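First chain A sits with chain B, and in the next complex the same chain sits with chain C.
Presenting the complex of A and B:
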C-alpha cells in the first residue's frame, strides 16, 4: 500500500469513528467534545488501519471457494454420487428391480431419497474433527466458519444436482403430477436440512455425528411409520398449504444458518 | 509489536481453566510452562483467537484481537498440541490446502511452500503421504504450516513432543533465529526445550499465572532448594520414599548420586547444586515428579 492510499484509509477510519461527513475535516474542538469511549473508538480504528497496512495481499472468498472446489469439491460430489448410487442398488436388491416402475412407491421413495441426499453431507461436516484438522483450520484467515460455508455451498451444488436428476427421472418414468414429485423431494429435504443445521449450531463436535445420525434415523423411521399408518399422506399435491410449509421450512433453514454464522460458538464447539 | 493478555479468564461448565491471567508478551521467545491441566492450551487457544475468553481481553498492539479479525489471523501462526491430516494429503497438498485457508495468493503460496520445504528439510518427502512419515517429520510439517503466512506471532503448543534430540536442537535453532523480530510463545512441559532459548518464561498452575521472568530470575526461586548427594544403592528405595529425587545416576561401587529438592539438606554429605529451570518446574509441580518415577 502506498502512502497516499494509506492516508485515504486513515481519513476514512477517522470519519467512520467520528460520524463527520466525508467532505468536512474534524476540528480539535469537535474531537475534544466527544467522550473518552468515542476517543478510544477513534484510536482503535486508526490503529487497525496501521495493522492493516502491514498486511499482505490476500485472496477473497470467491477465489477461496474455487480453490476448495479444486481441492475438496470434486471429492464431495463424487462421494455424494456414490452414496446415492449405493442407495439405489440397495433398494433394488431388497425390493427388486420392478420397484422403480411401481407408481405406488414413487412418492415414498422420493421422500427417502431426499433425506439420504441430505445425509451425504455428514461425512464432510465431521471430517475436520475426525482427522483432527479443526484447530489448524480454525486458526486461519478463512477459519472454521467460512470453511463451513464453503463446504455447505459445495454440498448444496451436489444436492441440487441430485435432486433435479431424481425429479427429472421420476417425471419421465411416471405419470405422477410434477407438483407432487417436487413436494415429496423438497419438503423432506428441507426438513432434514433444517434439523441438521440446528444440530450444527447447537451440538459440540464430540456429539454432532451421533446426534445427526440419530436425527436422520428418526426421520427415516417417521417416513416409514407414516407410510404404513397413513398411506394417504403420499398422495398429496403441491397445494398452497404445502407451499407455505415448504416456505416455512426454508425460512427455518435460513434462520439456523444465520444463527450459526452470527450467534453460535461453532468454532469453539469444534474444539470440544 | 506487543500482545497484551489483560485479566483473561475462561470458565467451562465444570472448571475454571484460566483464572485472571495478565501477561505482556513482547518480541522474543516466551516459554509457557505448566503441568498437564494447568491451562496452557486454553490460554494459547484464546491468544490464537479460536476460543473466546469468558472475561478479559487480548490486545495486539493495543487493539482487541476480536476487532482485528482477519488482520490478526494474517499475522499469527499456530501449531496446536494435537493436530492431524486428511489421509489423502501429501506434504505439498497439505501445505497448499492450509495456504488457501490462510488466504495466500497462488504465487506467494508456491514461494513460501518451496522456502519452507527447504528450511525444514522436507523437500525429499514433499510428494509423500503425510500418514507415512515419521512422528518427527509430521511435526515439522505442522511447524511448516504455522510459518506459511510469515507470521509476526508464532504460537506453538507442545511443539517438540515426539521429536528426537537432534530434531529438537534443530527446532530450537530455527526458533531462536525466527524470534529476533517476532513473538514466539511456546508451551511445553519439556523444560530443557525452552531453557536455552526462552528470553522470558511464564509459569501456570491451576489456571493461574504464578510467576514470570527470565530463566535466571525464575531459577532463583529454587536457589538453596536443590541438593546433590551420594548414597549407597541399597538405601535408594528408602530415600525415594523420603525425598523428591529429580535425577539419579549409578556411579558404580554400590553408590548412586542423587539430585533432590528440599528446603534443607536431608543427608550428611548433601551439597547445594546449581538450580535449573527443570528443578523449578518439579518444585512447583511435584505431581510430575511422581509421574516420572512411575
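Presenting the complex of A and C:
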C-alpha cells in the first residue's frame, strides 16, 4: 500500500468516526437533525450574549482609573503615607533620633526607605491578588489582572510621591550630591519592585504574601550586610554604570508587567 | 476582504447575525473535534457550546490576522482538557471512544479495517494523536495545525510523519494490505 492510499484510507476511517460530514460548506442540510437542533440552540444563546455584551456600559481604562482615584486612590495614598511614617518612627526608635542628623547614614537610610516605600504596596497587592476583585470585574468587565494593574498604577503614583518627598528632604538637609541621592533611592526601589512584580507573575495567590515578605526581608538584610561589610558601596555617584543598572532594572520591571498582562489574557482563555 | 474578515468585523461591532453565520461555518468541525475528545455526544456538544461562548466572551483578545480558525481550535482543545479534568469520567479512554463510535454511531456497519485504524490512532501518544486527528479527521492543513498546537511547521510535519509510520506499521501488522 502506498503512502497516498494509506492516507486516504486513514482519512476515510476518521471521517466515519463521527456522523458529521467533513465537507466545509456551510448549510443546515449537511448536518443531521440532532446537530442542527443543538447548533440552533448555541446560536440562540450566543446572539443573546453578543447583544448583552454590546449593551453593557463600557468603561474605558482611563475613566476607570479616575473613578478608582476618587473612590479608593486617596485611601491607598493615605495608608501608604501612614505606613511610611510608621517606618520613620520605627527607625528613630531603633537607631535613635540623631540618625537623621548624621549625614554618614543618609545614603544607607535612603536605601532602607526606598525598599520600605516599595513595601507599602504589599497589603493592597495581596488583597488584589488574593481576592481577584471579582465584584469589580463583574461591574467593569475588565479582567482581574487589568484591575490589578490599575491598582499598581495608583500605588506607583503614591510611591513616586514618597520617593520625591524623601529626595527633596535629603537634598535640602544634606550636602550630598543629588545624583548619589537619586541612586540610593532609585536602584533599591527598582530592585524591590522588580522582585515584587516577578512574585506576582510567578507565585500563586496563596503564597504571594509570605513570598513577598521573605523577599523584602532578604533585601533589607542584604542592605544591612553591605552596610557593615562594604561601606564604600554607599559612597557611589550616579555614574554611567549605575545608570545602565537602573535602566536594566526598569526593563526587567516592564518585562514582568508584560508577563503579568500576557499571563492574564492566556490564563483566562486557557490558551497555552 | 474575505467573508470571514467581514463577519469578524461585524462581530466586533456587536452584530448578532454575524455570530450566527460564523457558528454555522465552524460548528460542524468544532463539534466533530469535540467528539474526538469527549466520552459521549452530549458532553461533546457541551464542549462545542462552551468553545463558542468563550470565543465570543474573549473576542476582544483576538487580533484578527486570518487565524480565527486556529483561535477557535485552541479554545476547543483547552475546553476539552478542562472539562475532562473537571467533569468527565476519570477513566476516559480513547480506545473505548473508538469502539463506542464504531458500535453506537455506525450500527456495526464499520469496515473492520477502519475500526482497527481508529483503535490504532487512539493508542498513539497524545501529541501525535492530536496532529493525526487535526490532519485527517478535521482536514486542516499543516500550517493551520502548527498555529493551533503552537509548534513550528517542521515539527508538525515530522510528528505527522512519525505518526503515519507507526500507524502504517500497526495496520500492516494487523494484516490489512488493501491497495
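FYI, the second predicted complex is superposed on the first by the 193 of 272 C-alpha atoms of A that agree within 3 Å, B and C clash if a C-alpha of one lies under 4 Å from a C-alpha of the other, contacts with A are read in each partner's own complex, and residues count from 1 in each chain.
The rule we apply is simple: a contact is a pair of C-beta atoms (placed from the backbone, for glycine too) under 8 Å apart; a residue touches a chain by one contact, two chains touch by 3 or more.
Here the structure is a predicted model, which means the values were calculated and not measured.
In the superposed model, A:147 makes contact with chain B only, not with chain C. Judged by the touch definition given at the top, the superposed model places A:64 against chain B, while chain C stays out of reach. With both structures placed on the common chain, the touch criterion links A:127 to chain B but leaves chain C unconnected.
Looking at the shared chain after the overlay, A:39 reaches chain C, while chain B stays out of its contact range. Once the two structures are overlaid, the count of chain A residues touched is higher for C than for its counterpart among chain B and chain C. On chain A, the surface patch touched by chain B in one complex and by chain C in the other comprises residues 43, 47, 50-51, 54, 265, 268, 271. In the complex of the two chains, the chain C residues touching chain A come out as 11, 14-17, 19-21, 23-25, 27-29, 31-32, 35-36, 45, 48-49, 52-54, 56-58, 61, 74-75, 78-79, 81-82, 98, 101, 105-106, 110, 113-115, 117-118, 121, 132-133, 136-139, 150, 164, 167-168, 171-172, 177-179. Here chain B touches chain A in the complex through residues 45, 48-52, 60-64, 67-68, 70-76, 78, 80, 82-87, 93, 96-98, 100-105, 108, 142, 145, 149-150, 152, going by the rule given at the top. Put simply, chain A touches chain B in their complex at residues 43-44, 47-48, 50-52, 54-59, 64, 67-68, 71, 127, 131-133, 135-144, 147, 265, 267-268, 271. Only residues 1-3, 5-7, 9-22, 24, 26-28, 30-31, 35, 38-39, 41-43, 45-47, 49-51, 53-54, 265, 268-272 of chain A touch chain C when the two sit together in their complex.
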